[in-house]
Structure formats: structure tokens, C-alpha cells
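Each of the two complexes below includes chain A, the first together with chain B, the second together with chain C.
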Partner chain A sequence: MTSTVLFYLLQFLILASALGVVLIPNPIYCALMLAVSMIGISALFFSLEAYFVAGVQLIVYAGAVMVLFVMVIMLFNLKNEVVAFSKGLLSKVLKVSLSVLIFALIASSLSMSFADLNSSQLQPYESAMRSVKELSALLFTKYIFAFEAISILLILVVVGAVSLARAKGGTHASDK
Partner chain B sequence: MPLTSSLTEISLNHYLILSAALFCIGMFGVIMRKNAIVILMSIELMLNGVNVSFVAFSRYQNTMDGYVIVFFVMAIAAAEAAVGLALAVAIFKRFREINISSFEHLKG
Partner chain C sequence: MRMDAMEAAINALKLVVIFGMMIQAVPLLVWLERRGSAFIQHRFGPNRVGPLGLLQLLADAVKFINKEEFVPGKGHRLLFFLAPILAMMPGALAVLAIPFSTPIEIAAFDFAGSTWGPYLLKVQGADIPLGIIYIFGVSSLATYPLLLAGWGSSNKFSLMGALRASAQMISYELAMGLAVVGVMIIYGTFYLNEMIDMQQGPMNFMFMGKEVIFPYLPNWGIFYQPLGFLLFLVCSYAEANRLPFDLPEAEGELVAGYHTEYGGFKMLMFFIGEYGHMIVSSSVVIIFYFGGYLIPFLSTEDLRQLLTGFVGEGAMLSLATSLVYLLSFIIKLVIFLWVFIWVRWSLPRFRYDQLMDLGWKTMLPWGLLNTFVTMLLVYLAHG
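On to the complex of A and B.
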């Protein structure tokens, strides 16, 4: 019963802060709301007994990515931002209804597909340490090529991001 | 399925619907906002929604593969945020704003 209450509490927290990210005009508050949402998702992972993933979620998202966002926001002078949302009443109505429609489509198809998997049939993991061990074994055996590809991608991204941000004239170097 | 048991007992569907809701909120942000940084944040929200469904599937089917995929998604999301923010910095240097409309004038 406590896990049910916890789930609904976390769900409310995550969805409310996610809506905050989308609807608040000031980007620094958006970043704050995003951090709250990430922490809520991490707590959800904890309640699903995925401890290591929850920790990585906290470190990578609530730590590193959020610092990146906040640093870039502070780099810009965002006082003079006037237009936060796209213009036009018709396009706004269209976009809202499109999002709601896609959510309704996914939710209704889900309720027909996976209705038989309940938490009462959940098999408990033996221990948290064992799941971490299994995870690392999988990462370095079955998914080793994906792991190496990710490392190459990260190196490329580091070099690319630095050269992009340092280039004189930004993305329009040949324009001047 | 009776309504009371579906409300008191958390099934896989609850997590999947939460995941779908997060994804749709993120998508709404991507198509609605004009600020490039907020659009990047909304993309992070979408990726996190997908992560929730991966972890829930992995837990309810008692496998480890979903967690590994979540790691890869996180690594790619961090990389995407770094490149996107570098692009935003480059755009800001030129136009003194980070409206997404400025990205129409991109040149190599």
C-alpha cells in the first residue's frame, strides 16, 4: 500500500514538474523544474529496485546535464526574451490537441496490451549487489560493441562541441 | 479488470502510461517553445520518458537488458545536450538571441 501511495506521489511530482518545464516562460525556472523532474524519475527508479540506474540518473542528469544547461543559460542574457511560445491561436490549439491525441492513442493501446502484468506477480531480485554485477557482466559481454561505439561517440562529441563553440563567427564563419 | 484493483495495485501499465505522458509533454514542449535551450530540455524529458518505460519493462520481466539500454540512452542524451548547447552558443554569438527561428539561416 505504501508503494502505491509513493508511486502516485512521484507520478504527480514528475508530471507537474514536466509541465512546468514546458509552460514556464523563464528558462532558468524551466531548468529548475527539469532538475525536480529528473530527481523524481530517479526516485521512481529506486522504487523499481533499479538502484544503480537511479544513481546514474542522479549523477548524470540532475548533476552533469543540469549544470551544463544552467551554465549556458547564465552565459546568455535572457532578460530580453519576449516570445516564449510559438504564435497563432490556431497553431496552438492544433499543437495541444495533437499532443493530447498522441497520448490518448498510446494510453489506449497500452491498456489493451499489457493489462496482465501486475506487481503481485513481481519476482524480487535477490540483492542489489547481484543486479549490479549482472548489469556490468552484460555491459562487457553482450553489449560490448555498443559500449565501444558509445565511447567513440563521446570522444567525437567532446571534440565537436568544443570546436563548434570556439569557432569564430559560430556557425556562420563563411558568412562575413 | 476491476477498477479498484487497478487503482491500488501498481501494474506495468501505470509505469507505461506515466512514460507516455512524459513523452507527450516533452513533445509538446518541442513543438510549442521558441527558445532553443527549452527545446533541448524538452528532448531530455522525452528521453527520460523512454527510460522509465525501459526500466519498468526490465523490472516486470525480470531481465537486465533494459538497464543497459538505459545507460546507452543516458550517454547519447548527454552527448546530444552538449552538441545542442554548443550550437545554441554559436547561434547566440551571431544573433544575440536563441530563438529557434534563427536556426533557419544555418550554413556549413
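On to the complex of A and C.
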């Protein structure tokens, strides 16, 4: 009973803050809303007893990635660019088609991964430590290729970002 | 795990008591900080109000509450008020997962016409599975209040301080995480209680299939992870934004950093957050590296036998054991908090580039090395 109430409360919090990300014009409040929604997702994992995933969600997304977002937005005071980016027919078409594409991608991958899975196969682990061990065993054996591919992709992105910033003068470039 | 009404009420009360303990420790720590700094610098410090100047805390509290309510004219009101409230939360949430002592057993008893119990009361806010992950997850949110304070104040110095604070905390979180990985490899668990249990008795471990025992050393984590301990301690100073890492509030350059525009009780709430962070990281250091609430050279069995002579068997015995262990934990905690204060008044501040170099070019490689060596040794020991 309490867990159901908690579940719906968290759902409401996550959805409301996710809507806030899209609807609020001020980028700072948007980023903070996204952080709230990520904390909500972590709390949801926690209430479903997926403690490790909940903690990682907090540490990596809410604690590091979103902090960097907020920091960058504060450094560059993005207020003026909001208007310029949101106007025009072309950008509208682009935005709608991109969101439809992303939605289709997520929906299809979800339905594909749930297609050959029935709930009788899903057994809860006897302890939280056990689930962490299972998870790491899967990550380092069955999904090792995807795991390494993602880490290479991340390194590429970091190096690319640094080289792009360097090409334009790095942190010492003058504001024109 | 089903709880009846009594147990739920006791647990709720326990949360309040632990939160109150954390809040009440703050004025004492402020007093210790001021008297300690005076002692280190050959001054007197606050010694006029009450015995040893202890009532100064009360006078300070009255002063803080009576100060003028001030919001910067161009500040963001919502964020400005939200920041100090959020500043208290990470410390208060993380302290809940820390085991202060062994559980107290209460036998079944009659109360208000029905039988209750038996109960096992943990001297811990909540025994959260994977306690380490929870503590670090909650503590990693401590950056937001600083950022909100910096942005909400609409002040250059505040914003600079907030940006410095967040950059610093993210940089040092990596090395801290690596130090914790070493600890997790050694103990093979995420549970804080299990970690403490493993540090019982004299130092002993398996090496190349043989058991090695050092009877003159307790089985504490620091003897297995000396480098990890050093990394963790330095990172926890950096995360708490205290000297030598107090760049975010460097008063020579930034007035007071992110809390420049704050006064009165709002500023006190930032202080509570900072001291809460100190309490949590000192407790975690004790649990990882110094045997938690355990007493060196005295096993739980011996302690229970010793106490049986005074209080007899049963519920009183578990209560007495728990109290002795609580005292042992508090003594260790006070020592580590004192080290925090001692370091603050002994070391000069880093320059900003030195701070980043230390974080990324020194601590991170040493952390990786520590993880690798630990993995190798554990593999050898088990193989």
C-alpha cells in the first residue's frame, strides 16, 4: 500500500519535473528540473530495491553530469540564445521530426527487449550484494564488447571536445 | 520485514534523534574550532561567556536568529532561499546510514494490554543495503546548494566561489571513488556493518595459501590500504571545502565565496551542512580504516564477558555493550574531527592550478595504482 502510493508520488514528481525541463524558458531552472527528475528516478530504483543502480544514478547523473551542465549554463549565461534557437519553421520541423525519431527509437528498443521476457522469469535476488555481483559478471562477460565500445566512444567525445575548444583558442579565447 | 506500530514509532523517533545529534554537534564543533584555532595561534579565543566560553554558542545562536533578513535586490529569491535548506540535507541524509554501535536486543514485554517484541534496535538511522553507495550518492548532491547559492545571489564573487566549489568537488570525487574501490576489493562487500565485523581481532590474512598473523596490530583497514587511506582523507578535506582546499571561500580574493550574500541563520545552515559533511566523512574514514566502533585488542566476546560482571545477562548486557561501543565510536569521531580542525589551522591554502594538478595529475594516478595493486594482492592471496 505505502509502496504503491510512493511509486505514484515519485512518478508524478518525475513527470512533472520532466515537463518542467521542456516548458520552462530559463535554462538554469530547466537544468535544475532535469536534476530533480534524475533524483526522482534514483528514488524510484531505490523503492524497487535496485540499490546499486539507484546509487550509480545519483552519483553519475545527478552528482556529476548535471552539476557540469548547471555549471556551464551559469558560466555562459545562455538567456539570449533561447529566443534565437526556438524561432522559424525549419527549426520547428527539425525539432518535431527529431523528437518523433527518438521516441520511435526508444519505444522500439523497449518493446524488442520485453518481447521475449515474461514476468515469471523475473526472480528477485536474495540480497542486494548478490544482484551487484550478477550485474558485474554480466557486464564483464556477456556485454564486454558493448561496455568497451561505450568507453571508447566516451574517450573519443572527450578528445574531440578538447580539440575543438583548442582550435578556437581554448579557455583564453577573447570574447568578440 | 514487517514492523508493528511500536517498532515503527521507535524507528521514527530514532531518525529524529540522530538528526538532532548531528545538528547539536555543530555548535560544539564551532566552539572547538574557535578554541582550537586560538590554542594553535597562542590566543585565548572565546572565553568570556560561561565556563570555558561554552555559552558563547548560545549567544551566537541568539545573534544569528535576530539578524536582519536580507535578499539581494537582483537575486533570484527562490534559489536564494532554497540553497541553505538544501545545504543541510546531504549531510543529514548520509548520517542516517552510519552504524554507530551494535544493536540493542529487547525481549518481549507487555504494554497497554498487548505483548510487544522481541525487538532488535539498531543504533543506526536505517540499515540501508549497499550503505557505501547510498552515502556517496547522497553526498554527491552537495554541489547543488553551493551552485544555487552562487547563482541566486547575483553576485560575481558568489558565482566564482560556487563554480570553484563545484569544479573542485567533481575533480576530487574521482580520486575518492578510486580509494573506495580499494576498500571494497579488500572487504568484498558494500555493507558497512559487515566491514566493521571483518575488522575484529588481531591482524591476520591469507597470503600464498598460508595464514599470516600479526598479534600486535588490530585487523584494521588502514594496514591493508595505507595509500587508500591517505587519498581518501585528502579527498574528504577537498570535498568539505576546508583549508587547505577552501578556494571556494578564499576570503582574500572572493570576500566569502558562495555565501557572501548570506547572513544570520541562512549562513548558519551552510555551516551545518559543512560540519555535517565533516562528521559523515570522519565516520566513513573510521568505518573503512579504523575498525568502526570496535575497540582494538578487545573482541566483542571479551567485552561481553567483562560487562556480564557488572550488569548480568540479557537485555542490560546488550545495552551496556552498545553503550561502550558508542563511546568508542564517539572518541574516534572526535579525534578525526580534531584532525580536520588541526589541519585547517596549520596548512596554508593551495593556489588554484596547484589544486587541480593535485587532483587530476597526482591523486588520480595514485588512486588507479592503488586499485591495481590491491586487485593484484587480493588475487594472489586468494589464489
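Annotations
One rule holds in what follows: the second predicted complex is superposed on the first by the 123 of 176 C-alpha atoms of A that agree within 3 Å, B and C clash if a C-alpha of one lies under 4 Å from a C-alpha of the other, contacts with A are read in each partner's own complex, and residues count from 1 in each chain.
What we mean here is this: a residue touches a chain if its C-beta (ideal position, glycine included) is under 8 Å from a C-beta of that chain, and two chains touch if they have at least 3 such contacts.
Not measured: the values here are computed from a predicted model.
When both complexes are overlaid on chain A, the residue A:52 reaches chain B and chain C alike. After superposition on the shared chain, chain A has more residues touched by B, the comparison being chain B against chain C. Judged by the touch definition given at the top, the superposed model places A:21 against chain B, while chain C stays out of reach. In the superposition on chain A, A:39 contacts chain C only, with no contact to chain B. Once chain A of one complex is fitted onto chain A of the other, the partner contacts of A:74 are limited to chain C, with no touch recorded for chain B.
By the touch criterion stated above, A:97 is placed in contact with neither chain B nor chain C.
With both structures placed on the common chain, the touch criterion links A:64 to chain B and to chain C. Look at A:4: by the touch rule set out above, it reaches chain B but stays clear of chain C. Where the contact sets of chain A with chain B and with chain C meet, they give residues 49, 52, 56-57, 64, 68, 75. Those residues of chain B lying in contact with chain A across their complex are 1, 8-18, 20-29, 31-35, 37-38, 40-42, 44-45, 48, 51-52, 55-56, 58-60, 62, 64-65, 67-68, 70-72, 74-79, 81-83, 85-94, 97-99, 105-108. Of all the residues in chain A, the ones that touch chain C in their complex are 28, 32, 35, 39, 42, 49, 51-52, 54-59, 62-64, 67-68, 70-71, 74-75, 127-129, 132. By the touch criterion given at the top, residues 1, 3-4, 7, 11, 14-15, 18-19, 21-22, 27, 30-31, 34, 37-38, 41, 44-45, 48-50, 52-53, 56-57, 60-61, 64-65, 68-69, 72-73, 75-76, 80-81, 83-86, 92, 95-96, 98-100, 102-103, 106-107, 110-111, 114-115, 117-120, 122-123, 125, 131, 134-135, 138-139, 142-143, 146, 150, 153-154, 157-158, 160-162, 164-165, 167, 169-172, 174-175 of chain A touch chain B in their complex.
Listed in rising order, the residues of chain C touching chain A in the complex are 128-130, 133-134, 136-138, 140-141, 143-144, 147-148, 150-151, 159, 162-163, 166-167, 169-170, 173, 177, 189-191.
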